[in-house]
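Notes to accompany the following structure.
By written order: A, B and C. Residues from 1 in each chain.
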Amino acid sequence: MASPFDAINPDAYSAYVFWSAVLVAKILLMAPLTAIQRFKNKAFANPEDASIISKKLKPKLDDIDVERVRRAHLNDLENIFPFFVIGFLYLLTNPAPFLAINLFRAVAVSRILHTLVYAVVVVPQPARFLAFMGAMVPTAYMALQTILYFLR
Amino acid sequence: MASPFDAINPDAYSAYVFWSAVLVAKILLMAPLTAIQRFKNKAFANPEDASIISKKLKPKLDDIDVERVRRAHLNDLENIFPFFVIGFLYLLTNPAPFLAINLFRAVAVSRILHTLVYAVVVVPQPARFLAFMGAMVPTAYMALQTILYFLR
Amino acid sequence: MASPFDAINPDAYSAYVFWSAVLVAKILLMAPLTAIQRFKNKAFANPEDASIISKKLKPKLDDIDVERVRRAHLNDLENIFPFFVIGFLYLLTNPAPFLAINLFRAVAVSRILHTLVYAVVVVPQPARFLAFMGAMVPTAYMALQTILYFLR
């Protein structure tokens, strides 16, 4: 019996795997980025972490720099994980490879820019809004196309 | 060589893809829902966002309405992402299509109701608890079935 | 036409599915663990939840025990979801099955230990750091290998 995956275009598929792996690596980098800010600002979430610096240091949960990185991290989870899922399902709807490849690229590049302007250099708006939409619009487009494909 | 995906039932598989795409769209809608509450309550997380309204407006991280939508959003990540993974793996355990399709439906409908009663209209308990369990129970069932299938 | 999934090693694949299902079950258990702490400390996030105990009980968002479990839960999302994605994509890079199986094991066992030392018994550092790295290092390794495979 043929599997539903036999129709996947190899080029679109490779682009999906490559950019997804890049985005996984990008998400993983948020952990050391948070740790750097925690040590720099001596703002640890747990007493057992704060005591690495000093037994007297109390946990601090409202440090501005740490919370900014954590918001960028959470925003990644909210937007990149849906992409991982819908990017894969969209591949199965037999899209034009050129379109699919560029949608994946747009999401990946936008999400890397999003982290840079949110948590690394802090650029004024609308920089972060544009980076956000650069990933949100292709992801929403893929979700709609996938829904429509299965309603047909 | 046969791939492990050759045995997937096409109807169960289509139901998985369709409901997953619907849930991706649902998760993506949490972003504009949060933005609406942020503008309505003038409660922005970052100074560069608050300054869109006024240079004097300070970030506000404890707005009741905004935080409610954010908790609903986080609850989605905690529950819908595990479903995306286990729904797919469960498909590979050769389940009865009728059962699989209805489990997927139960999760998707429950999670849509969860958002409605949590972040849109705010219905008294046990509305949210029941919507939560309507997705949690099928997801946990699929996880157990998948573990048991591979222990056999 | 051959699908890109035909090359997957069945043993490595089974290990991925098994450990992923275990980790899904582990993530799902964070919800009752949070609920236990919420009831124990009477710390509910929403007025409609607090009123189950008493109409006078106000929401409490900074309970130490509840927030610890929630941080462990969020840390799961930040680290286990990337593993679900990259573990699957790594399988497609034709890795040595023995290596792949042990990487999956390392991630799963480390993340279970992470929850135990973070949110169940609270062990001093470096226990949590080591458990974190026990999953982070294999996940980052798989991400790098997958990126390199597609750059070749």
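Here are some notes:
Quick note on the criterion: a contact is a pair of C-beta atoms (placed from the backbone, for glycine too) under 8 Å apart; a residue touches a chain by one contact, two chains touch by 3 or more.
Small disclaimer: the values here were computed from a predicted structure and weren't measured.
Because subunit A and subunit B carry the same sequence, their contact can be compared by residue number, and under half of the numbers here are used by both.
When the CA atoms of subunit A are superposed on subunit C, the rotation angle comes to 120 degrees, reported as a multiple of 5. Each chain gets one centre point, the mean of its Cα atoms, and the points for subunit A and subunit B are 17 Å apart.
For subunit C, the set of residues touching two or more other chains reads 3, 5, 74, 77, 81. Put simply, subunit B touches subunit A in their complex at residues 3, 5-8, 10, 13-14, 17-18, 20-22, 24-25, 27-28, 30-31, 45-46, 48-49, 51-52, 61, 73-74, 77, 81, 84.
Residues 1-5, 62, 67-68, 71, 74, 77-79, 81-82, 85-86, 89, 92, 122-125, 128, 132, 136, 139-140, 143-144, 146-147, 150-151 of subunit B touch subunit C in their complex.
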